[in-house]
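See below for the structure under consideration.
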Amino acid sequence: MSATATTGASAHRSPGDWALKVAPWVVLFVILAIVPFQFPSFRVEQFCFWMTLAIAACGLNLLTGYNGQISVGHGALFGIGAYTTGILITEFGVPLFGATVASAVLCFATGILIGLPALRIKGLYLALVTLAVATLFPLLLEQFSAITGGSGGLQITSPQLYRGEMRERPIRLESPVAGLENDQWKYFVFLGITVVIFILSRNLIKSRVGRSLVAVRDNEVAAESSGIPVSQVKIVTFGLSAAIAGIGGSLFALDQGQLYPSSFTIVLSIYILVAVVVGGAASIIGPAIGAVFYGLFSDVIVQQMPDRIQPARAVILGVLLILLMLLAPGGIVGGFRTLQAKWSARRSSALNSGPDPIV
Amino acid sequence: MRDFLQILLVGIGDGAVYAMLGLGLVVIYRSTGLLNFAQGEMAMFSTFIVWTMWSLGLPMWLAILGGMAGGFCVGALVHQVAVRPVGDPHEKPLAVVIVTIGLFLGLNGAAQLIWGTLDRSMPPLFGRGQVTVFGVAVAWQKIGAVIVLGVMVLLFYLLFQHTKLGLAMRAVASNSESASLVGIPVPRLLMLGWGLAAAVGTVAGVFIAPNLGLGTNLMQLTLIFGFAAITLGGFDSLVGAVVGGFVVGALSSVMPRYITIFEKMPLAPAFILILAVLLFRPEGLFGKKQVTRV
Amino acid sequence: MKKTSVQVSAALLLGFALIGGACGGRDDSSSSESTETTASDSTEAAFIDPAADCTDYKGTQGVTGDTIKIGTVRPESGSYAIYDNVTKGLEAYFKSANAAGGLPAADGKKYQVELIKKNDEYDPAKTPALVKQLVEEDGVFALVGNIGTETNKSVRDYLNENCVPNIALATGSTQWGDANAYPWYISGLPSYATEANAWISYLEEVNPTAKIALLYQDDDFGQSYKAAIEKAIEGTKITLVGEEGFNPLAGSTTEASVAKLSQSGADTFIVGVGGTACPLTLSFVPTTWTPMTMISVTCASKTALALAGGKDEGVYMAQPTLDPADPADQTNPKVVEFATQGAAAGLDEAQIQGGIASVGWGFGSMFALGLKNATTVDRAAVMNALYSLKDTTFGLIRDEVTVNTDGAKDPWAIEGFRIVQRENGAWVEKAPVTNEEGKSNSFAGQ
Amino acid sequence: MSSAGDGVSSAGDGVSSAGDGVSSAGDGVSSAGHLLEVKTLGAGYGIVEVLFGVDLVVDPGEVVVVLGANGAGKTTTLRAISGMIAATGQVKFLGESVLGRRPDQLAKRGIAHVPQGRGTVTALTVEENLRIGAYVRSDDQIESDIQQWFEAFPRLGERKDQLAGSMSGGEQQMLAIARALMSRPKLLLLDEPSLGLAPLVTHEVFDRLREISASTGTAVLLVEQNANLALEFAARAYVLEAGRIVLSGNSADLQGDAAIQKAYLGV
């Protein structure tokens, strides 16, 4: 891994290398820009859902991948973001994306609250507590049905001009651009937010703060002794992670326009975690890849499978997870890096015909 | 008062089953230091094996033995192919959590593939009969559950305190390196521990299934109660699992009926218990301090 | 490092771009702008007038030659997968119809049905994408037998705005009575409120001072029962002396609730819960309490009652349909037809007798009726046909139950129940069918 | 890699006997007679290599010590021999190659290993520790052996029902050794028994060890930093430096040579 990094950094900045570095980004952006025009509307809306999942996974990755705190409960934070957005818009008439900001703030606060016990509870025990949170969350939604709508769901509505009068109508993101349909507009808005969140989290990870996150993960005592305020770092990471998951949830609410407790069961938490580890924990783009992988798997591939073997989907996913942990614990990104490191090591050893570089 | 007593007894009966599930969790925790999030699914799977044998005409007790044997194999296999290769749970908690989640999904899906999605009916081991004590009806099934739990605890006590195998298992749990150096084949004992836990889970499943209906989601929420039980009792304490099971059973039966805030979430008392114990007394009531503090 | 990840993601994206190519590009003519249907008060004119209510109306989408495409969404996996048996029955109906040459329509042709199924795992967040896929990509004519209250609710605006029929919903939630606002929906079950009303009517007859203990499922389904019971006992001497909500997601049994209700002094026990919890509730009733017990129709199937451990003896229910497991009903031609043709279409004995697949069979039959009665093969025409049924019947509805609809005035097809009691594993009639034509919405307080 | 031999000959100007000892082992001529024979042993942790070819032999009943500074690879040598870490090279026990076997398989063959610091199973009682020590045995003398240990160490007997973790450091070390010997091994591997013990206690432990070894005929391979103590106890010694054997010879010779004392043993 470090070998790749150094070859990349120390490479001569020849135009060819530069092109090689930029080309994938260009290809990626071109693809992302074309996608909404190539698919029917329901697919584009599914992509929007994948993006909300990617954002939540990005948040969880900060916590689990970079800071080493395991949460099996991010589905609940995602849900808090979603319901906050829904309630603010429907009950208090908050503008759509204003509600997103408010959700992020509220989730940050919730994250701090959950982060407090996490100072004393670690590893598997933290996983247990968050698992319990995730299991409890849909029940909480039903318990407080007066504001959440309970199992009947929360219809997110806002006053809209309709046939000449103001009425409570299901929210929708109206496209201001003539050539774009609503779902395509939504796609680009979501894409913009997703990209900004991933870039911000990348910058965070590359910064001094990010290094202290990793230091705390790798060795708390050492981090403490080198002057890193471990408790603060852990709590704030929990808050940030929760806030990002909350933004994902908020967009989910805007995407769906209605919320039901059964969407926020433990299964959602598991899938967010799956997106992180399949894509590659502790890699910036890993969660996005994991979310796309999961989306492809559950919304495209599984739907093509014959009826009788539909339950095999869980088996496939389960076996895949176990194999991944045994063979490529770094997920897709990690596995790819390992392959590349091997390949470049072979190439360099072939070139130098010297001994393999160790460390 | 009478309805309180009636509800309390329901809770104690449930508690016996949570304790059984907890025993399995404790056995695994003691041998591998791992919180097995797939324990419930292992139990569900082997309960289906019991059901299959029973519906093929075997007597219930024989079917249960068969299911325990089947569960033992599932547990042992799971340890060999999935858990052992991952490594130390305290060094790589994320990998271990993911593997148990993978097992959770895999076993659940496999059960759906094999047995379909219809809830099956399973007769209560001790029948549907009841005795009335002071105007309160107590099902034989509840009394049976408490007795079976007692027998299980006794057997575990004999195994761990009075056999060479049990001694070896305890040695592995406490210090696997030293255990290995005195000639104990550690991997084989861990495998045995997983098999044992799954076999115990079968009994829990046999008691839960008649009440919840035998479906693939049999254990998904019950497991949280089991975890609450062993958190309260101490992750490494068999006695703790039993005491914890009864307390959790009683609380989650009584509180939702008398405290409005818990009305729709019998799981909440269990959750509060887990959080409070881990925060203020992480070793639980009967656990050893060194083990639970990470 | 960065380079690597980008390459991976680019490769993945390229992957699904290829899938996109295979799926084809966007159909530019589809527009999501839409208008809401206004109620039409005219009795002469058809209930739905697509020319006035629908922009971009595609009345014959899904009909090509003599084939008609139908979609359905149900939980194939997950906790509610038991309801997949409804879909099995639906599928068997269409298979059987196809084998017999197809469904007859007003244009004299017989249509082969192509059924496309989607799995939403009972999660209303998943339903919209799948329903949109059925409508936009698969291009179905209508949805038939969609399962679940919340799942159907989650696509109600979409389907009504796009004028796509959703026929024979597998849910009796009282909200489907709002045909004025949502004319493209029609339920395939009786309203839960009508059922609850039937219980109370019978109680008034046999026990006018009944003291009821109610166990209800704490969601739309169970709350429908609760509201209807409360409304029905107004002005009677019947009282509600104990009630307990039950949350099927909470992971506990109904045992403690039953224990509490058993001490309430009630002489009547109404079990307003569904799924596995219902028969198990019966098994929890202590021997010290012997109330007259009424159970939800959703629990009446043989499959479900097998879970009661013999405690189903003596319970009552309000029954709108024939029971394929009941010896008394087995000679009825409707049951004979279901049993023989269902078996030919691949249903096994357990499914035929189970009482769940037969419901799905009825849903298929309801669609067939709409197609047959429609003036043309057209979405609005089929809906209008279903909203103007006159003294007809379909599926396994009891012969005495009259089937009539009249637009928003009477949007419920099934409104009659008889009261039966379980004796020696079979249902015995205690009160004959009472038809409550056009009153279902009033029972629900609408 | 014949570096071990080279090292000795270059260093062993004054002590020719040391060179002899190693060369005879290195040749492997008389391998049949050795209890333990280690050749070109290499081992490490992950990518960090610690041992670069260690050669040593132990004969039946013999007491041998491996000396060396902190980090020289002493503990790693023992761990590699008893199969606790992966290793390369050759390890023969009783003439059979045992490299790659698990520790429990070696324990069955007669190698007992008391690891550094934590030799006891702290969650078991004193008596249970002894009993678990006899895990590989199935004869009927286990009970009498336990009683013998209680007689030999009354303090263990007094606390037989206490958890091992509740005893003092010296008592735990004695218990660890006793537990290892309960398996009636042919070879005892001992890793720094003096670590963290008071000098008086250390002496007592070594005295006991000598008695037991002499009476049971158990060979001991000891690893120590405390050179003087160890050389008094052992008949032969190897000196390990940076993962290689740099010197070997009889304890008496090593003790008598001031230059060696200064260069390698830090005295």
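Read from first to last, the chains carry the letters A, B, C and D; within each, the first residue is number 1.
Criterion: a residue touches a chain if its C-beta (ideal position, glycine included) is under 8 Å from a C-beta of that chain, and two chains touch if they have at least 3 such contacts.
To keep track of the chains, here are their UniProt names: A, B, C, D = Unannotated protein.
Bear in mind the structure is a predicted one, so any value in this text is a computation, not a measurement.
Chemist: Can you give me the shortest step count from chain B (Unannotated protein) to chain C (Unannotated protein), moving only between touching chains?
Modeler: Between chain B (Unannotated protein) and chain C (Unannotated protein), the shortest chain-hopping route counts 1.
Chemist: Would you kindly say which chain has the C-alpha centre located farthest from the C-alpha centre of chain B (Unannotated protein)?
Modeler: That would be chain D.
Chemist: Which chain has its C-alpha centre closest to the mean of all protein C-alpha atoms shown?
Modeler: Per-chain C-alpha centroids ranked by distance to the global centroid put B first.
Chemist: With chain centres taken as the means of their Cα atoms, state the distance from chain A (Unannotated protein) to chain C (Unannotated protein) in Å.
Modeler: Each chain's C-alpha centroid was found; their separation is 37 Å.
Chemist: Return the distance between the CA-based centres of chain A (Unannotated protein) and chain B (Unannotated protein), expressed in whole Å.
Modeler: Each chain reduced to its C-alpha mean, chain A (Unannotated protein) and chain B (Unannotated protein) end up 33 Å apart.
Chemist: Between chain A (Unannotated protein) and chain D (Unannotated protein), what is the separation of their C-alpha centroids in Å?
Modeler: 54
Chemist: Report the inter-chain centroid distance for chain C (Unannotated protein) and chain D (Unannotated protein) in whole angstrom, where each centroid is the mean of the CA atoms.
Modeler: Averaging C-alpha atoms per chain gives centres 78 Å apart.
Chemist: Tell me, which residues of chain C (Unannotated protein) touch at least two other chains?
Modeler: Only 77, 81, 218, 247, 250-251 qualify.
Chemist: Enumerate the residues of chain B (Unannotated protein) that touch no fewer than two other chains.
Modeler: Expected reply: 109, 112, 117, 220-221, 224, 263-265, 267.
Chemist: For chain D (Unannotated protein), jot down the residues that touch at least 2 other chains.
Modeler: Nothing qualifies.
Chemist: Which pairs of chains touch each other in this structure?
Modeler: Once each pair is checked, the touching ones are A-B, A-C, B-C, B-D.
Chemist: Within the complex, which stretch of chain A (Unannotated protein) touches chain B (Unannotated protein)?
Modeler: 64, 68, 70, 72, 117, 120-125, 127-129, 131-133, 135-136, 139-140, 142-143, 266, 270, 273-274, 277, 281, 309, 311-322, 324-326, 329
Chemist: Would you tell me which residues of chain B (Unannotated protein) are touching chain C (Unannotated protein) in their complex?
Modeler: Residues of chain B (Unannotated protein) touching chain C (Unannotated protein): 2-3, 6-7, 9-11, 14, 109, 112, 117-119, 121, 123-124, 128, 130, 132, 135-137, 139, 210-213, 215-217, 220-222, 224-225, 252-254, 256-257, 263-267.
Chemist: Okay, in this complex, where on chain D (Unannotated protein) does chain B (Unannotated protein) touch?
Modeler: 82, 84, 102-105, 107-108, 112-115, 118-124, 128, 131-133, 135-136, 179-180, 182-183
Chemist: Quick one: in the complex, what on chain B (Unannotated protein) touches chain A (Unannotated protein)?
Modeler: Within the complex, chain B (Unannotated protein) contacts chain A (Unannotated protein) at residues 34-35, 37, 81-82, 85-86, 89-90, 92-99, 101-110, 112-113, 117, 220-221, 224, 227-228, 231, 261, 263-265, 267-268, 270-271, 274-275, 278-279, 282, 292, 294.
Chemist: Considering the complex alone, what residue numbers of chain B (Unannotated protein) touch chain D (Unannotated protein)?
Modeler: Residues 164, 167-168, 170-171, 173-175, 177-186, 288 of chain B (Unannotated protein) touch chain D (Unannotated protein) in their complex.
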